[in-house]
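Going in written order, the chains are labelled A, B and C, and every chain counts its residues from 1.
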Amino acid sequence: MDTGGIDEAIKKLTSLNCEGMYSSDFLLTWEKTDDELAAVFAVAEILRDMRRNNVSAKIFDSGLAVSIFRDNSTRTRFSFASASNLLGLALQDLDEGKSQIAHGETVRETATMVSFMAEVIGVRDDMYIGKGNAYMREVSRAVQEGYAAGILERRPTLVNLQCDIDHPTQSMADAMHLIQHFGGAERLRGKKIVMSWAYSPSYGKPLSVPQGVIGLMSRFGMEVVLAHPPGYEVMRQTREVAKENAAKGGGSFEVTHDMHEAFKGADIVYPKSWAPYAAMEKRTELYGQGDMAGITELEKELLAQNARHKDWECTETLMRETREGRALYMHCLPADISGVSCKEGEVAGSVFDLYRDALYREASYKPYVIAAMIFLSKVKHPADMLMRLLEIGRPRVR
Amino acid sequence: MDTGGIDEAIKKLTSLNCEGMYSSDFLLTWEKTDDELAAVFAVAEILRDMRRNNVSAKIFDSGLAVSIFRDNSTRTRFSFASASNLLGLALQDLDEGKSQIAHGETVRETATMVSFMAEVIGVRDDMYIGKGNAYMREVSRAVQEGYAAGILERRPTLVNLQCDIDHPTQSMADAMHLIQHFGGAERLRGKKIVMSWAYSPSYGKPLSVPQGVIGLMSRFGMEVVLAHPPGYEVMRQTREVAKENAAKGGGSFEVTHDMHEAFKGADIVYPKSWAPYAAMEKRTELYGQGDMAGITELEKELLAQNARHKDWECTETLMRETREGRALYMHCLPADISGVSCKEGEVAGSVFDLYRDALYREASYKPYVIAAMIFLSKVKHPADMLMRLLEIGRPRVR
Amino acid sequence: MDTGGIDEAIKKLTSLNCEGMYSSDFLLTWEKTDDELAAVFAVAEILRDMRRNNVSAKIFDSGLAVSIFRDNSTRTRFSFASASNLLGLALQDLDEGKSQIAHGETVRETATMVSFMAEVIGVRDDMYIGKGNAYMREVSRAVQEGYAAGILERRPTLVNLQCDIDHPTQSMADAMHLIQHFGGAERLRGKKIVMSWAYSPSYGKPLSVPQGVIGLMSRFGMEVVLAHPPGYEVMRQTREVAKENAAKGGGSFEVTHDMHEAFKGADIVYPKSWAPYAAMEKRTELYGQGDMAGITELEKELLAQNARHKDWECTETLMRETREGRALYMHCLPADISGVSCKEGEVAGSVFDLYRDALYREASYKPYVIAAMIFLSKVKHPADMLMRLLEIGRPRVR
């Protein structure tokens, strides 16, 4: 077994201060220190290399990974299932239905009831502005209280699998992809990354991807550009985060309404549809009033608004304007591919085809990123534990 | 590791005759001897202490735990999943749909088909009087026959996760809560426990909880009082059981129609809504005739009947009448909390708040009780096995 | 532990050339060599004996078994779950909904996204002629490409859990049943097996069972007779396969429209309803056009057509015409039993009763057959591995 890369990554991990992650949740990347994020990348890489070298990373003999998906999801569900399974946890879905937003007593009680043998809780709740992340914090408070009161023998930690504000498992997988692609986090310094809105015939996609991307990529000293038509602003809070990060990290953060301008000289482009924040807020309000007819009306308006920006498509012509005409194209998938999954969409089929392998590779990091988040929240001395697992060298497959 | 409590519990277990539980089902508490119930409590406690001490209780390397839920359930589902996982079994749901009551050939065949690698089958079937427990026995017969014929290499054992008659995993968890709370089963002797009907705005909850509670608690020498408005009788069979138990065990069993009277001097109160038995019988009959309109009509009547008893609420005033004004309040959860989950319900918000931790603790025993039931039905020499597991001391979490 | 039978089976396995199965899919039995099929039977038998002797067959420490069911299934689902669990894999369902047939990009992407930690993918897709097997090959191509590109670290192998053409896990379990029943594959030579159409009040059952049975049983030197009313032809391709197999293997393959004639002197009868191929083709066409009204109309026609052949029932009278009046009756279950599950059906209740144990035994082989298919596709030196597992002798249940 070639463990050269692993040894180096473990050395790196040893030098990082990630004690604060033990027994704590992963809800927003900007709540984590640089060291903590670096620890996630390091552990994710080690876990991947262990799996490649057929070394078991099973740290749990038993225990549940509870998933609460308040929106459909195949990819994130499988990533969470894969990560849990790699570490030895059994997945158990809590199917609450997505039509109702639970509050207070119900959240507290349900969170406790599903946690008696839970080690981790993964939550996806991205439908309504102001709700998803708040819900996660309610769940977190509940299990913390249950643990403090001695009702829960273990304190399950939470992983945000997408909320209204951030999508940390996505943006961290994206960042890991960039680190691997460019050969190290330090190589990202000075690179221009464009998070751009793109046209999609479908209605109101979550804002958490662009928000998560600008909130995270601005930490690596990159020139981060957020491009979108007027009216497609993201949450102010996340723009503030990006600005502060850029100021601290020696990079920059800019917003533009010109896709062409944005793409010029870009090293990385991430064109993707999302709903305008104002509309999402209005939708949440209508929802709160139970005004489903209003929501349907709003959706129509949004689709009409979208349709005025069909030229926001990632075409070959546009790609030619990027650095040497070959910026790295990114997407969280599935993409709306023009002429393939829809008539007119986010990206030209020819562009997508060129980057398919890269896109699939980007996605392939997510299970490891989630496993690393769980690992760091459940293991007090992660480097020691990984070295022990390597020493034991139990084969994952006989 | 402090195993003082464990050692004592194992010593206790060794003194109990629980051989009859091996390879047999857990369908009704009153089919079990006192020793057998004590064994469940002992094993549940040991398994909990092992988990607290990070010792693996995995006795299965592979094998399925099949769950058949003919009614929705989050809590019991998670308890069963947790228990199975703790012992090393993978949960596999049989989703039969709750709209049809399978019979004869279909039950026999399906039971066999899902059992080729099953170690345990958990069934919840509580919707229709005369059906749920009968269904479980059909399943049990089928797997027994399959085993006898050499078709099934192992005989999966059944755990009743709630039927029309009893809810043994609930009542056993409740009893374990009392034993832990009062400091031993022998301390329950002479205590007054009130299983009381309470108003709920929701329709026809199962009778299995009150029936299970009077059928079990009457065995510990307690003064068991069943309180409900006229018309909310429970099954005669379970009242007979409670009477006999009380006679044998030196306690008492009484029925009253006065909630205030019942609460006087009570050590423990368990106020909870349920449907009147006669109505549930009528419902089963209508169901058998496929008369869905009739069922809807019946539901309306029941709600109107319920509404005449809104004063059956567990208030602070009422609690003051209990022993020293601080009886232990119990509930199987979720409760209908006045002003919280509904306008008027089973319990005042202030009472519920006071007992929240206790209620969550009550619920926390269920996974261990289920695990103990499985353990005792699958392990021939339970005390020896537990000692071996402790000796091996395999960590549950590395 | 008596491992006499296991030793012999491993010796047999050692003599077989089954290298080609490593890292490859199991999609159609006629794509496999005789040695490869014999290897499946041998490994299935060994795995069963290991389980009987309480020896763990867990070769995976972690890893997912992904199931894609595009049609409802209890039995096959449980068989796949059991097989996966026996080997150490966790089941993860991909719930795509059965209403749409995914194509091209979507299939490729989804297949990759669910495979990052998958070891095996089981697919059931039997609804539309020309679609199911083609879909499986699309999935297979996708994961092969992902593996070749280094995106997937492992190449998940596919198991066909029923398609439009073949139902290899069923027919292989059926064949294993015959081998066990008659005492060896060589004893099947010369036996007459009748795959017969039978009347069912239900609409259009898949053709894959009769097709799979004639495509496989024709390899063992048996006299294979396919009996059905005119209009109930199966796919020409599978009849060709049966003819060729019979020619090669020294048996015969004949088609008749007379159930009585077919049953005469039969050693084995397999009476079962299926839809006429022409109708299934038309249905697929209508489906392609989105003509749901047309499909409903077609279903009515098919039911009317079926109703003209109510005399195609496996009765006691008919059974008397078989060899010594006691041919082995087979069915993939569930059967439409006259007077039990329907008024008039495929088989008389009295015949079914006589063979119940045998039918359940037939079904009991499926989990082992699937486990063997997975085992052979994931383990390079299967005989060595099995010997090692036996040597280690880890108990499956403590």
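To be clear about the criterion, a contact is a pair of C-beta atoms (placed from the backbone, for glycine too) under 8 Å apart; a residue touches a chain by one contact, two chains touch by 3 or more.
For clarity, every value in this text was computed on a predicted model and none was experimentally measured.
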| task | Would you pick out the chains that touch subunit A and also touch subunit B? | result | C
| field | Type of subunit B:subunit C copy interface by residue overlap (half), same or different | value | different
| task | Please report how many Å separate the Cα centroid of subunit B from that of subunit C, as a whole number. | result | 41
| field | subunit A residues counted as touching two or more neighbouring chains | value | 90
| task | Spell out the residues on subunit B that touch subunit C in their complex, using ranges where they run on. | result | 59-64, 66, 90, 92, 94, 104-106, 109-110, 112-114, 116-117, 119, 146, 149-153, 378-379, 385, 388-389
| note | So, in the complex, the side of subunit C touching subunit B is made of residues 48, 51-52, 56-58, 74-75, 78-79, 81-82, 85-88, 90-91, 333-334, 337, 340-341, 357, 360-361, 363-364, 366-367, 394-398
